[in-house]
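Encoded as structure tokens, the structure appears first; notes follow it.
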Amino acid sequence: MNLLDLLSPAGWPILVPFLAAIVLALVPSWRWGAWINTGAATLCFLAACQLPWLVGPAGKFLFVDRLAAHFSLLTAFVAMTTGWFSLTYVRAEIAARRINRHRLRLYHAMFQTFVGAMMLALLSNNLGVTWLAVETATIAAVLVVGLPRTAEAVAASWKFFIVCGVGIALALFGTFVLYLAALPALGPGLAPMSWSELLPAAARCNGTVLNLAFVFFLVGYGTKAGLAPLHAWMPDAHAEGPTPVSAVLAGSILNVALFVILRLRSLMATNEAAGGGAIAPGPAIMTLGLLSLLLAAFSLWRRRDVKRFFAFSTIEQSGVAAFAFGLGGPAATFAGLLHMTLHTLTKAGIFQCIGRAAQLKGGQKFTDISGLLVSHRLLGLTLAAGIITLAALPPFGLFASEFLIVIETLRRAPLLALPFGIGIVVGAWALIWRLQTLCLGTPTQDRGPAPSALMLAPVWLHLGIILFLGLARPAPIVAWMVAIARSLG
Amino acid sequence: MIFFSALLAQLLHVALMLAAAPVLIGAIRLVKARLLGRRGPPLLQPWRDIFRLLRKQPVLADGASIVFRAAPFVSLAATAAAAALVPSFALGMALGPVSDLLVIAGLLGLARGATALAGMDVGTAFGGIGSSREMTFSVYAEPAFLLVIFTLTLLAGSTNLDVIATLLHDGALGLRASLGLVLVALLTVALAENGRIPVDNPATHLELTMVHEAMVLEYSGRDLALIEAGTALKLLVWLSLIAAIFTPIGVAPSFALLAWPLGVASWIVKISLLALALAAFETSIAKMRVFRVPEFLGIALLLGLLAAVFLFVSTGIV
Amino acid sequence: MPLRIAFGALPYDMAHLLGGAMLVLSFALLYQRRVTAVINIYALQGIVLAVAAAWQGFIQDAPHLYLTALLAFVGKAVVIPVALHRIIRRLEIHREIETALGIFPSMILGVALVVLSILVVLPTTLQAQAQTLTREDLAIALSVVLLGLLMMITRRNALTQVIGFMSLENGLVLAAIGIAGMPLVVELSAAFLVMVAFIVCGVFFFHIRERFDSLDLHHLDQVGETHR
Amino acid sequence: MALPLLAAIVVALLGLGVVGAVAPPRKNLVHGGCAGFSAVGAVLSLGLLLAPGAATMSVPIGLPGMSMHLAVDSLSAIFLLLLFVTASAAAIFALDAHGDEETRALPFFPVFIGAMALSLLAADSFSLLFGFELMSLSSWAMVLYRHTEETSRDAGLLYLGMAAFSAACLIPAFGLLSTGLSGDIDLRFAALRALPPEGWRAVFVLVLVVLGAGAKAGLVPLHVWLPLAHPAAPSHVSALMSGAMTKVALYVIIRVLFDLCGPAQPLWWGFPLLVMGAASAVLGALRANMESDLKSVLAASTVENVGFIAIGIGLALIARGADLSSLAALALAGALLHALTHGVFKTLLFLGAGAAQHGGGSRVLQRLGGLVHRMPITTLCMIVGCVGLAALPPGPGFASEWLLFQAVLAAPRIGGLGLQTMMAVLAALMALAAALGAAAAVRLLGVAFLGRPRTPRVAAAEEARAPARWAMLGLAGLCGVLGLFPGLALGLIEPALRLLVRADLSRQIGPLTVQPAADMPGYGAPMIAALLLVAGGAAFLAIRRWAVPGHRRGPAWACGFAAPPAWLPFGDPVTQYGGASFAQPLRRALGTALLAARERVDMPRPGETRPARFSVTARDPADAFLSAPIGWTREKLVDIADSMQFLTIRRLLSVMFVVLVLFLAVVAGIEAS
């Protein structure tokens, strides 16, 4: 293992947040902290921007392939806009005395730790390190979720911690088994734990052991990805934590988990295709994806808390992406990838809006927030656009990805199109219903500061990208994602 | 030459229809009175009434609009157009190619619609009652009528009345059980459409039991004359229709000028017999409640359906 | 390079024995009704794990496993049990364990789980060219993991649940040390220990007396927090 | 050349949407732009119809790796023509739009038109559905323009739910169409045409398309949303929703079932549409007699007319399956002509209803009346539209319904006693629907526009202003042309028939007559009109010549009721027949059975001072047998999903444990076998 890899350009996006975390832990002033946090997030994104050009042969410690670069870039982008969002958000929270200013030090440090850990998980070449990073991210997230110190927040973070702890333990067991599976192909040492070695040697791995590893990975990382029925920790954690972390959480942590599952899937699929004895990974992933979609779509209808509602929608969309990945084949994988990318951007935007709305109305229950379009036209419009995107209606991009997924479903598993369609319709209907209650109707009373146009700018950036990707698809980006999908099979 | 004779036949036909319509009403009234043991009005009394009314200035209700004033013209024009299309004494008249049964039904519907609107225009309860009931009855009558058309079309291969009548006249279709059912259905529909007993009572003076009369209650003077003429014409249209389809005896082709007198005579006989039957029927039966009418016309509908099914079964087109 | 190990050879028998002891102790954990006894058995399991790690270090000639053994011994046999005993005294936790599933049914379930582990692991690893020892070891480790999870869900006391989790983690370490040539074992087990420590701290900090969900947050108010 | 221009119009319309969103709203610019672009579009599509030819182009946007393909042929040109004509009229009408609330719809109106045009121009399934969904979305936003009212929000929710349902049916339908292809996905229509679906795949395509597009078109039993949502939008939008949007859905049905699925489909394919169409026609017409809101009446009648069109499409499918291409052409010609005429006269009626609502201050029938005195032009236009609604000769709706009847009457030729009996029943049902439609038209005109004003506001109503008036008059003129010269419109439709059912109708269509077969007498609309004109003129001249001129005014006969008090100068407005009373005979006979209509009279006892109250409740059968069970099922499922939440940590871990053990058991099972 060569930690010096971190100092290479590919390591910067990891290094920046971790260093910033250390600095933030030392800086006592929360105002300075907020600025440093924002700056570090921006810097991290800038560092991540070079990743697409760093795709190439793996180092010992880091492995930047297209998939990892894609996910890292996405995570860093969301982290950056969330960092901007956080800057004004914490100011308002402090003003409303909802959060203790001394705790902000912890908050900022953990924010960066969380981001750094995720980048590490994505870019690391080593399964063990990836696992370690996910664990670190979990602990950081737990600490931040419990930060408001309300009874609900602490309970949610505790639940989050225990469940993800067990999940991560199972993932670790899976890691060991995977090592065992790769042992005959690669021999002892670090090689059987390196993605860069594992993927080309997939066909030579022991397929039956891979199956065992796959089960543990699926249950372990599936818990982190919020796949039903392992999802129940997630709405609590998203609803109770400070909104910036919800946004990053919603957008990114599940991507990291899906990322690992995706890698393992291509490993399995290659092995299966080569007759190595592995089972096809698709059906299991599809089952969990479909279950998530249906369960979440129906769960959306009884939610009273806005953030909890959108957490369920995250589960739903995560299910859709997992379903697409489970279908297999380049087209479905491409669709799943597109869906996940766009959803991450959308959801982060929506959570930012909801954060503003909750501050504005002094509560995050549906009964607190109504008539936004009338009272705060800009915020209402932005939120409405976000939810419409989420409901997969044109002109935004999620329509295209769901369209592709349905088409691929019919080509590969036509019977599953029915439950899939039901889930999508029920979910979209619930979203529109809530869009109507949030944005339309008679406005409720304001109890906090209204967001300025500048504060909503990051959300527009997100929506702009989604619209751009939904309509005009620039050839390089398409080629880039197609290459990822091809490489994943 | 053929065209001119067809045109001539057409003109003569229209004149005949227009002239005969009030006489028909007079005849029915006369027969009914005689059957009830009264002397009854003279045969030409309806014509006299019309002329009398034409000399009277109408009294328009306060709220009446242009629709109210235009309706009699539209109604009469539509009925007259229908009358021009239904053959009386001759077949193959100038308007024969457009004498479509569906169009005739439509034209009668137009007349009905215009009167119904006029009934609503003044804004009284009675006009409304009349319009509402008239339109309701038509809702039940139309399907039955269409099934009649359906059966005839199946026999003749066209909805054109001229074609149908010609085929029946030539005896190409023979006698069929379906035709009997169709006749009953058509008679029922005709009773309803013309507001005869038992569906409506044309001679009633109690507003609540009126249907057609309630609708035109506000009309007076020359407007009423138009309405009366239209009503009379409509009855004649229906009777001629029945006569043309079911008793094709004696009808002349329009190019055979010499056969015309016979055609006219046979037509007069047929209409007289139908009028006699109608009068006898009306005196022997009481008006039914408004809400019973759907059942009455429902029977016509079923008969029509039965006729169609019979036809399917009996002919080789199954 | 690892030695050739076969049946009847001492290295194999020893490792097998230690693995078996872990499994038996897991059953003992499942069987116990008293909290203090559970903690003691957990400590015992920690000691066995440490010995197993050391033995594997010896037969695989992998010195880093000695570190793992040391870590296991200090953490699991000494520090954590002591801490848990203190928590019991401090929080005045009930000594009796409340079960969601009776002792006997959970034992039967446990046996079924062991059978399942063996049925899953042994055939799947048949062609893995792995040594018999590794395969057996993995089967036992999986059993311990599943038993730990079973303990977490069939016990209602928070402390026993924590111990279930830690015993699950013992299974993980057992799996890791059993796989010859496995790198990063020390790092990963250390990292996991951190997590365990966090949980123990959480139990203490939130005054969790009975169940995992029953957080006692009254003392948080005294920190001077503005409550919503 | 026309296609790029049409595409440019779509882009321009979408751009106008952005202009509409800019504050302060540039109302006249947007509506004027819509009108102008639509007019150009109408001319272009008319040109395409007169000089038929197919063109395709592709635009490098859309799905990744695929372009957006556009094409126009004689089928889409018909619908484009309809769309652009109605859209320009609606836009001109909207130049006169008032109030803040209407401006809320401003950004969405051009987008709505553009999206409809896009789905008509689409030549691949993605573009079509993109346009289709965009159309739903933009109209949804306009349905909600009065979103502070709860009924409006409910309508919007139901509306978009149904739109989502449509999408969820149509996307798989197109997916199934493309699954026959091997290799990469090719969504172009040309590729789909090359490999028409067979067997169960074809069946699913049929079912999904009928459900998906049928829901959007408002076919029973998927029509529940329509009488709620269409009236909720601003009138010019309702006009387009009823006039054009339902037609886009029907276009999708025709495009898929006739074009993309190929000609080799079995006979029974037509039955679902036939049955749904007949049910829609009757139920829609009946509901049109029961609704108490002017625009709801019109919306319900849209259901009726869509039913008629669906009957035509279904019949054409049956005939095509029986290899009777001339019959198929007849039925399809009826359907397409009815789509055209209904589009025009329903747009006119909705615009008129909007004018009446604005002038009379309400759209509830019971609060209008006597508008003819204050709004003569609007009333005239409404009468023209209502002649179409009632399908009376020589109005616009008659020719198309005549064609449909001809097709039904000719259908027994196909054979089979079951089918023949079905046709007989169908004919009766169509006649019932047509008669109900006529009754509804009389009721609408009679209650809202004739009679005496029921409120002071109506008594002082103002006639619509210039642009709105011109829009209505233009459409009324078009109605006249369509009514008098159906042959001309059929001439435009004819190339599409050749394309879809490969039948040549050109010998049956002339400017003067329309014939069901080449050697058979037909319907001569100009002749009938001339006949009417001559008869009416003769009557008029006779009266002028022989009757006494002039008239007098007097009070109406009130059967001895007491004279109205002085403060009611037009008499007591409630002593005339209203919407509920007009419908009473029908409600009692048909409504109780079909709509579960119940009347309740709350009669105070003698001496009590409270007023007597009469109330009617009705419930659509689709509500009772479809919506209610769906809602109920959803609640059950939500209960189940909800029980998976708020689990304690132990329960949560148990779930994890069970999942893990299950997976392990599966793996063990696989290994064992």
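Should a chain be cited, it is by its letter among A, B, C and D, assigned in written order, with residues numbered from 1 in that chain.
Everything that follows uses one rule, which is that contacts are C-beta pairs under 8 Å (C-beta built on N, C-alpha and C of every residue); 3 or more make two chains touch, one makes a residue touch a chain.
Here the structure is a predicted model, which means the values were calculated and not measured.
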item: Top chain pair, ranked by number of contacting C-beta pairs; value: B-D
item: Maximum centroid distance from chain D, chain identifier (CA atoms); value: C
item: Separation of chain C from chain D, taking each centre as the mean of its C-alpha atoms, in whole Å; value: 69
item: Distance between chain centroids, defined by C-alpha means - chain A, chain D (Å); value: 43
item: Length of the line joining the C-alpha centres of chain B and chain D, rounded to whole Å; value: 35
item: Computed distance of Cα centres, chain B from chain A, in Å; value: 77
item: Sequence positions of chain A contacting 2 or more other chains; value: 158-159, 162, 166, 170, 208, 211-212
item: Residue numbers of chain C (touch at least two other chains); value: 120, 123-124, 149, 152, 212-213
item: In chain D, residues with contacts to at least two other chains; value: 649, 653, 656, 660, 664, 667, 671
item: Contact pairs between chains, per stated definition; value: A-C, A-D, B-D, C-D
item: Chain D-facing residues of chain A, complex; value: 158-159, 162-163, 166-167, 170, 208, 211-212, 215-216, 218-219, 223, 228-230, 232-233, 235, 279, 284, 294-299, 301-302, 331, 334, 338, 371, 373-374, 388, 391, 393-395, 399-400, 402-404, 406-411, 414, 417, 421-422, 424-426, 428-429, 432-433, 436, 440-442, 471-473, 478, 481-482
item: List of chain C residues in touch with chain D within their complex; value: 100, 113, 116-117, 119-120, 123-124, 146, 149-150, 152-153, 156, 161, 211-213
item: Residues of chain D that touch chain B when the two form their complex; value: 369-370, 372-373, 376, 379, 383, 387, 390-393, 398, 402, 405-406, 409, 412-413, 415-417, 420-421, 423-425, 427-432, 434-436, 438-439, 441-443, 445-447, 450-452, 513, 516, 520-524, 527-528, 531-533, 535-536, 539-540, 543, 546-559, 570-571, 573, 575-578, 581-586, 588-590
item: Touch list for chain D against partner chain A, complex; value: 61-65, 126, 129-130, 133-134, 136-137, 140, 144, 147-148, 150, 153, 156-157, 160-161, 164-165, 167-169, 171-172, 174-176, 178-179, 184-185, 187, 634, 637-638, 640-642, 644-647, 649, 652-653, 655-656, 659-660, 663-664, 667, 670-671
item: Interface residues, chain B side, partner chain D - complex; value: 54-63, 65-67, 69, 73-74, 76-78, 80-81, 84, 95-100, 102-103, 106-107, 109-110, 112-113, 116-117, 119-129, 131-133, 135-136, 138-147, 149-150, 153-154, 157-160, 162-163, 207, 217-218, 221-222, 225-226, 290-291, 294, 301, 304-305, 308-309, 312-313, 317-318
